[in-house]
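Each of the two complexes below includes subunit A, the first together with subunit B, the second together with subunit C.
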Partner chain A sequence: MNDATNDVREHAGEHDAWLAALDGELRRRGIEPGLARHVVAEAAAHLRDSRQPPLAAFGRPDVYAAAVADSVGEPVSGARRPPPGPVRLEARGIVKRYRRRPVLAGVDLTVRAGQIAAIVGANGCGKSTLLRICAGMVSPDRGRVHVHGTLGYCPQDGGTSEFLVPDEHFVLVGAGRGMGRAAAVGAGRAHAAALDWNPAGAGQARLLSGGTRQKLNLVMAGLGDPDVLLLDEPYQGFDRGAYVDFWHQLWRWRDAGKAIVVVTHLLDRLDRVDTVLDLTPVPEPEIRA
Partner chain B sequence: MLAALVRRESYGYELAQSLDAAGLGPIRGGTLYPVLLRLQRTGMVTAQWREGEAGPARKYYRITESGGEVLRRTAADWESFAGGVSAILREVAAR
Partner chain C sequence: MTKVLTVADMTLREILRRRAVLVIIAMMPLAFYLSRRGDHLGQSIRFVCLGLGWALSTAALFTGGAARGLEPRLRLSGYRAHQLYLGRLVALWAAGGLLSAPYFLLILVDQDGVSHGAIALIMVLTVAVAAPFGLALSALLPRELEGTLLLLTVVGLQMIMDPADASSRLLPFWFSREIATYAVDHTDTSYLARGLVHGAVCALVLTALVALLSATRLRRRPHLRFVT
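This part shows the complex of A and B:
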């Protein structure tokens, strides 16, 4: 009798932990909360009826959540989106040569508030160079960039200070954007939580993993609510879950009216952005809408 | 799955059991429910949460008219395919 009770309790704990993980994974994939509740409740009923351990019946929570997401299709977030706002970033006729090799040959890019532009193309085609030019860190040989509003930039790597802890990064960057210490740390930790990262007790940046350092970079780019966000492949070292979180963060920023430019070589999300700029060398650079 | 629902409405675990009993082997929940979700999304089945006779609430699935139509078509296709295969195998057996 006692053994049986213990057994049931142990199973209940295992079930609850698995179901909670499933719930989190479903939400992280943008499954509408009502549907997520149903999926979790149905899995709970199945576990109760079958008396199977969750891993045997359903497999890993993240894998099962992915199967569910595939079955219901992508969330239709585009349905109620307001029309894009004013132009925030305008690059016209950008030309850049390295030595005598032309890297950018007359590139145009316009991004409005509430839009995501993806810059794609082969390695070495000038994606990062264009982003640095937009950020004002590199001068073009020809052409002009107009930024209307404040700017946040997330580099591909670097950008963190080896001997500072994450909170100190937030304070430093926040100060540059007119934020007080407490406000900067609060905002930094909130943005980090959206990426499933708790920086509160984290050590110095040099001790963080590559993926976590990129989360720190991404959080810093978004501090102080800049109008324009320039993100250079910021998901290097992210695991699959963090990668999904990253895109959801992007869509939240877009829905909040930010203008976003993201350099990427991963093409699986291009159906969810507004503009794709392909820099792969062709006779005429083109913009596809 | 649709054929198992033709007899009567049912919930996931019960469906898995009846498919297992029919000789299709055990079907994991991780395989079963995504299929049911897809059938529900494409309008082949409807679903409703209801209290069981004794136990807690379960999600009951019921086949729709268009689900029945798809099932009839599939059954006819399968019939002609299986008929062809049987004919070939009969020749083999007769040798």
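This part shows the complex of A and C:
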């Protein structure tokens, strides 16, 4: 085998890897599959004809995919959304103090089916507390929460069993939802695939990376199709691609009619969500004598 | 029932995967047994039963602690509080049975002239008491170090206190000395009866305590209403 043949094969491998990465990045950005295939085919043809290395021709696949996404606009799923459905979660007049420090002072939140509500605010402003009150894990000093349907909850950390593998987590949560073992494992793996994670054969939870463990947490929250999803900064440890996958999963849930509340301090684009509840305390005006 | 068995299944898997802990737990009663085997037959049997109780209580303490973070979300996923603690108890009782069986066989082979039926009863009661005792400690003392120290104190007191002293009856494994006295020294059946009643009451009271603590911790808060 001569050097020229080796060179061609090496380039082909490089092209394939770059094109696969581009395909994944386009998918993550919600580009419609037909359009994504077209973009990848065009890029492949250009690379074949120009014989240029892909990085020299197009740059990094994620940057090129971002440019493509910008040029075609927002994901299709966002453009054809049905109007919001009935109220699924209603929190009224939530007041909570820790010792004497007021954390939540009469907070209201209403989320309808097919909506995403983001709870934002500085550290310690009560975002997680409000979510835990909505989940019924913490009692408020005043106020009430009405949930129309079933609840799924994803904590900021913990919430998994160190010595169980992901499939066993799916079985455990699935049994609570009335699912059989095979159905729970199947549903768990399908949810995981949407986050670009294959849990089959994965080790015990204690051996998973922080980001993968959060994916497990997120999948557990969505098992059994709860009507309301409460997600407390579930993207801790996610890399950029997983973070994008996470938002796409949220949009899919929204399109399926779920009511979603997500605690976040990384809301870089307000158009990702339908409602924003900012819990940052408003500074009291100075009183001048 | 499916939910209880699923929790039991997963709890057993968790226990069986802590291999280093399993080895220590399995060997602890043997060390207790061998420490007095040469010079005092009765004490070696009493100690092996206490060792079983200590080992299983410790396993229950850590099992309860490990479940604390997961149980609230399982509750939200459709489990009732009693399904969660019963599942864990079933798993721990099964693990206790597996742990005790080899020691019963050891005594059966190694010790003549004792009432093996009474020794089997001690082991059954020890398993019945130790599992809820460890779970109750984990519910009362969420930090494992505090729970372990309290467990150490209770079992230490169990070994050094005079069983004739009325206050020693407050200790959860007092029954094992009473029944062991009957089994080894062939005393009258009042020892057996007292031990049996004490063990049964302890098992019931501790299981009720676990139920109460679990129901309180995992209760549905009144501010939250599910509208159907």
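The criterion applied here is as follows: the second predicted complex is superposed on the first by the 268 of 289 C-alpha atoms of A that agree within 3 Å, B and C clash if a C-alpha of one lies under 4 Å from a C-alpha of the other, contacts with A are read in each partner's own complex, and residues count from 1 in each chain.
As a working rule, a residue touches a chain if its C-beta (ideal position, glycine included) is under 8 Å from a C-beta of that chain, and two chains touch if they have at least 3 such contacts.
Given the structure is predicted, the values throughout are model-derived calculations rather than measurements.
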Quiz item: Between subunit B and subunit C, positioned on subunit A by superposition, is the outcome a clash or a fit?
Solution: fit
Practice problem: Using the superposition on chain A described above, determine whether A:W18 touches subunit B (first), subunit C (second), both, or neither. | Solution: neither
Practice problem: Could you say whether A:V171 touches subunit B, subunit C, both of them, or neither, answering first, second, both or neither? | Solution: second
Practice problem: Have a look at where A:S50 lands relative to subunit B and subunit C in the superposition and call it first, second, both or neither. | Solution: first
Practice problem: For the superposed three-chain arrangement, provide the angle subunit B-subunit A-subunit C between C-alpha centres, rounded in steps of 10 degrees. | Solution: 160
Quiz item: Where does A:W251 make contact in the superposed view: on subunit B (first), on subunit C (second), on both, or on neither?
Solution: neither
Quiz item: Which partner does A:A41 reach: the first (subunit B), the second (subunit C), both, or neither?
Solution: first
Quiz item: First (subunit B), second (subunit C), both or neither: which does A:V68 touch?
Solution: first
Self-check item: Residue contacts with subunit A in the superposition, subunit B compared against subunit C
Solution: C
Exercise. Kindly classify A:F58 by the partners it touches after superposition: subunit B alone (first), subunit C alone (second), both, or neither?
Key: first
Quiz item: With the two complexes overlaid on chain A, what is the closest approach of subunit B to subunit C, counting only CA atoms, in Å?
Solution: 45
Exercise. Would you mind listing the overlap between the subunit B footprint and the subunit C footprint on subunit A?
Key: none
Quiz item: In the complex of these two chains, what residues of subunit C are touching subunit A?
Solution: 2-3, 6-7, 10, 13-14, 17-18, 66-67, 69-70, 72-74, 76-79, 220-228
Exercise. Quick one: which bits of subunit B touch subunit A in the complex? Just the residue numbers, please.
Key: 11-13, 16, 28-30, 32-35, 37-38, 41, 49, 55-59
Quiz item: In the complex formed with subunit C, which residues of subunit A make contact?
Solution: 133-140, 143-153, 155, 158-164, 168, 171-173, 175-178, 204, 220-221, 223-224
Quiz item: Where on subunit A does subunit B make contact in their complex?
Solution: 38-39, 41-43, 45-50, 52, 56-59, 63-64, 67-68, 70-73
